[in-house]
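Following: one structure in structure tokens, then a few remarks.
Chain IDs A, B, C, D and E follow the sequence of writing; residue 1 opens each chain.
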Amino acid sequence: MTPSTADPALELIQLSVEFVESDGSLEVLSELNFEIAKNSFVCLIGPSGGGKSTLLRAISGLIPVSQGKIILSGEPVQVIKQKQKYRTRVGMVFQKPNLMPWRTLWQNISLPLEIAKLSPEEIASRVYDLVELMGLQGFEKSYPHELSGGMAQRVAIARALAQDPDLLLLDEPFAQLDALNRERMGEELMRVWEEKQKTVLMVTHAIDEAVFLSDRVLVFSKRPAQLMLDLPISLERPRNNNVRYSPKFVALTQELHAALS
Amino acid sequence: MTPSTADPALELIQLSVEFVESDGSLEVLSELNFEIAKNSFVCLIGPSGGGKSTLLRAISGLIPVSQGKIILSGEPVQVIKQKQKYRTRVGMVFQKPNLMPWRTLWQNISLPLEIAKLSPEEIASRVYDLVELMGLQGFEKSYPHELSGGMAQRVAIARALAQDPDLLLLDEPFAQLDALNRERMGEELMRVWEEKQKTVLMVTHAIDEAVFLSDRVLVFSKRPAQLMLDLPISLERPRNNNVRYSPKFVALTQELHAALS
Amino acid sequence: MTEPLKNEHAQRLSPRISPLLRILYPLGSVILLLALWQVLYSLLKLPAFILPSPKMVWDKFLLILLNGTWWHHLSWTLLEILLGLLIGGLAATLIGYGLSKLSFLERLMAPFLVGSSSLPMVAVAPLLIIWFGAGLGSKVLICSLTVFFPVLVNVLVGLRNTPQELHELMRSLNASPWQKLTMLELPAALPVLLGGLRVGTTLSVIGAIVGELVSSDRGLGFLINVGRGQYDTALVFVAVLSLILMASLLYYVVLLLERRALVWQTWRKDHL
Amino acid sequence: MTEPLKNEHAQRLSPRISPLLRILYPLGSVILLLALWQVLYSLLKLPAFILPSPKMVWDKFLLILLNGTWWHHLSWTLLEILLGLLIGGLAATLIGYGLSKLSFLERLMAPFLVGSSSLPMVAVAPLLIIWFGAGLGSKVLICSLTVFFPVLVNVLVGLRNTPQELHELMRSLNASPWQKLTMLELPAALPVLLGGLRVGTTLSVIGAIVGELVSSDRGLGFLINVGRGQYDTALVFVAVLSLILMASLLYYVVLLLERRALVWQTWRKDHL
Amino acid sequence: KPFAENEALRPVTLNLTYIPNVQFAPYYVGIEKGFFAEAGLDVTLAYGNEADMVALVGAGKEQFMIASGEQVLMSRAQGLPVVSVANWYSDYPVGVVALKEANIQSPADLKGKQIGLPGLFGASYIGFEALARSANLSDSDYSLNSIGFTQVESLVTGQVEAVVGYVANEPVQLKARGYEVDVLRVADAVDLVGNCLVTNEKTIADEPDFVKAMAQAVVKSIRYAAENPEEAFDICKKHVENLNQLSPEELEIQRQVMLSSIAIWQTEPLEHVEQFRKWQNMQHLLLELGLINETLDIEGAFSDTFDR
């Protein structure tokens, strides 16, 4: 579980993203350089409108890059995207669960697999495992409107995992949940991450959440976003709720708080 | 600012609330007894579906009580409600800002005053003060859809304060905000409370928020709701962000965590 | 791990209506209407060829029901309507999808869409009959046209309102255009599309009748013409009531289809 | 203290269309239509009394525009429509409000609302003329009826969809019934009400024309009858095109009113 | 058989205006008694709006129809090459009907009255104007109400004092329902051409035998129906929708309608001069009413070479 920077899951090299508009262009990311080690859990914090979502969208290939490169396990995103292998490389979870309301829980999880045209048996077995993993048994036939916010978000994570991606991107995945559910979902996510051995990059606004979950917290500056702080979180794993009350945890939280205000 | 139980703002005496349904009745609150001191800030935590919102709705007279009494500064709610003085007694802030989309920020704040048929001058001066108090200057003519979530919630609080009520009820008012905005709004609310000298009863799911804001935290059991824990928060006031890292804060948080799980 | 269903609340709070009441209410309405009609008849004392009594109309209905005339004409009108719905609905869906992909063309067409929806078929039906003959074809054409525009507008609106985030999701999953169509766009547009079809049904009935009134030798519209020509007002009433009933039934059938197809929507039961 | 506006994003991403294009597009559509028509005319070589050329229609238009006939008839139809809108809209709003307070009555009426929306006016127009005379009155009545039902349905839907939480807010503020009506229910129902009026406008045009086609001595529908009676198809085209234009204009006027009244809504610009 | 010898019957559509009705008895008789078949024709009847039909015949899309005389002239004025080839009605079939109490005995009595008619176009309008002009009345002397085809109802409910309708229909309907009425027949005032069999110039030029076969079969059918009214009425029951479902009283009314219709049928071909006069009177009236703008070649509008 210790990050090995020798073989990074994600490398950003001089990455810039601009939006061209009728009234001039807006530079959102400016010459960003960092890498994320394989199997590490990294959180990204920064001011609103700073460009965090933009970065995630660039990594998942939804928007073009103006300059620089994004490299996933050694291969540039653009190349991967064309090779159609892409969908096994990056899974994305948005702020809202983003489920298709006309699909049942089961069908929502199987969506990426159907798109990838896997065999029905293969799909069934994978989805079955994921339902189990995320503790969604008994709700397979429920439609999204019948699910609570926490369950819907769990389905969204299951859907992203269905692709079995090397890199999991999460954009404020728990923002819609209340405080208690949020804590629970965080623990859940950590458990899955430990079991599945994925690389995770997650955007959040909650400092304690970031500290509790990650191996490393990145702090973005205001727009154009640059790396302001790169804080390793050397708390022992596996972690449980008590770690929140340890002096180390409190100190890390305080440091991030200071950096942000 | 020290609570004096001698002259309570709110007293519940053997309070029960049931909902009668076609398939039997549902007891939501069961023989509840407690009082809240004048000018104190009390938070209420409890499991989902436990009856917290029901209690607030009962106090604000929106639903009838099956048994027992609710007494506001010595007078039973039912009596007050009939006397039409009621609206100066209780102000309610809901989970969603609940603004009228066709009214500007200014007009939304003035709503309770228009309903109370105050003179236009009186209304203008009161709303002006509240806009200032909540830091909403410059947005008086904006419509709700032009406001951010935090600003909308601030308007909702201003609207509740416009009635100049003795008791302010807040039902998870910050649930829709992200973590950072939530902290800010908490501090804001505390500032207003200190300035205005109101009694506040607030429902929340966030333990640290409860501890940070209140003089006393009440913990509800599962349905039918009963008082499980009544925890005084003896942290010094005025409080700032650093108090979150004090051992006392951490201990209180931990105690509440334990009570809830 | 089991959390409460999200809208447990909402469902409990929505007004319940027993199945008995659901039948009793429309029944009540009909009885009310009949009573009103009878009172009007007895009070006004108009000649029967101006306002027949409910009894006369009922007798006439039984007569033509038993000798097969009723079904002969009703089935013809129904055929026109259903063909019109099928052709108009299908054409609108296909063209709507095409237009939605070519926003340039859509803008070009927008004024026609508004204009044509206000085109009274009764004014152009004769032109259509001159151009396309007086047979089944021109009636189906009129029906198709009346159905076409509301469905087209709804297809456009439905496709346009597909949540942007779901489009992003599909893109992030590298979905092919065909997969986007079948897995996202069609299901997303379905509720609005069916809504358009529902409105279209009503309009289609009117279209068929208008076509028949202008020229025909079969159908409920023809029956209205015959009744009026022979001062058989009871027959006119039977025909008008039949077509209202037919329109209402068709409406509810589409509504039912909608509910079945859209179980995934929190169905608004109080939807008219 | 100043936070970003909530839908800064959304606004930036919505497609912008320059005011020039906004005029150019409909213009393009019209030119396209004319071209198509001319091609059809030249190709099919139909006699002019079946399909006149654009030029013939334009000449006829100029002729009746200059001698005042056009305005004479158009203004009459417009009067019928506007009176119908006023009376039908007002009645629907008042009755709708009443029904919404008496849900028992509403349930009783629901089948009629569905049924009546599918009642072809062209079939009952003669009956109305028998009962209410052939003058302006019966046309306005037909218009009012066509406007009545869509507006009524929308008033009911609008009132019913007033957010429950706002009702609670008003109750928690001890608002009087009158305050609830003016401060909550009316403003909340306004968008849907105006939407109904917009649909009603289109229907009202059709209603007026149907009434005039059945019996009249003035109005665009009458002009259509005259044109058809005199084998003057160019005149029929002028009348039909005029009424389409009028309907579209009325539609856009209501749309404009809607936008003005509803500045507080994030206005869907791409709304047809 | 003059036409199509040793061949199968030639299918042809005869377009009638309005809807199936006892007044169309001759055409039902022609089919049932085989008069059309004898002429080598397999006739199908179709019904529709008069103006639409005239346009279709004028455009050569249809070949035969029954139309009112003024329609022939008005459409010819607009360039439609339609021609009348046989007469059905000897008289103009329109009249003004009033209840006895209105006391309208002569066209002059129309002065100051509220008069209902379907619209300011078509046969009833033209017939009424002819009648009014015969009494030197103009439109300012009475008030015209467009009431659609609701003449009987409007008269009975007192919305108007007199209505314009078909002499064979509305008066019969009213009398049968117990109303006493006065009828002013247009035919008594002016001699106008009535309804006739109409085809187009192209058919006449290309297939004169075909036209002749049709015209003569029509004339024969009219005569037979007029001479055998009871048989004709029975035949009607096969062709007229709803007739069988009428009550005996209502059925009798329909019989009366047919009988009064027979009274104005042209059972023998009209002399040329007589025909010419009727057509010319019609043209004169249309010119006066401004419904046509220039004199037409009357000889081109009708032909008497096919019906005899």
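The definition used in the following text is that contacts are C-beta pairs under 8 Å (C-beta built on N, C-alpha and C of every residue); 3 or more make two chains touch, one makes a residue touch a chain.
This one's a predicted model, so the numbers in the text were calculated from it and none came from an experiment.
If you take subunit A and subunit D together, the chains in touch with both are B, C. Averaging Cα atoms per chain gives one point for each, and the point farthest from that of subunit B is the centre of E.
Averaged Cα coordinates give subunit D a centre that lies 40 Å from the centre of subunit E.
For the pair subunit B and subunit D, the distance between mean C-alpha positions equals 48 Å.
Separation between the centroids of subunit A and subunit E, computed from CA atoms only, is 84 Å. In subunit A, the residues that reach two or more other chains under the touch definition are 48, 181.
Annotation for subunit D: residues touching 2 or more other chains are 4, 50, 126, 130, 228. Within subunit E, contacts with two or more other chains are made by residues 49, 51-52, 55, 149, 153, 157.
In the complex of the two chains, the subunit D residues touching subunit E come out as 46-50, 125-126, 129-130, 133-135, 214-217, 222, 225-226, 228-233.
Touching subunit D in their complex are the following residues of subunit E: 49, 51-52, 54-55, 58-59, 74-75, 77-80, 116, 118-122, 144-150, 153-154, 157, 159, 291. Residues 60-62, 81, 84, 86-87, 90, 92, 94, 96, 98, 100-103, 111-112, 114-115, 135, 138, 143-151, 163, 181 of subunit B are the ones that touch subunit D when the two sit in their complex.
If you check the complex, the residues on subunit C that touch subunit D are 25-26, 28-30, 32-33, 50, 103, 107-120, 122-124, 126-127, 130-131, 153, 156-157, 160, 164, 202, 205-206, 209-210, 213, 221, 224, 228, 236, 239-240, 243-245, 247-248, 251-252, 270, 272. Those residues of subunit C whose C-beta lies close enough to touch subunit A in the complex are 1-7, 163, 165-166, 168-176, 179, 183-184, 187-188, 190, 262-266.
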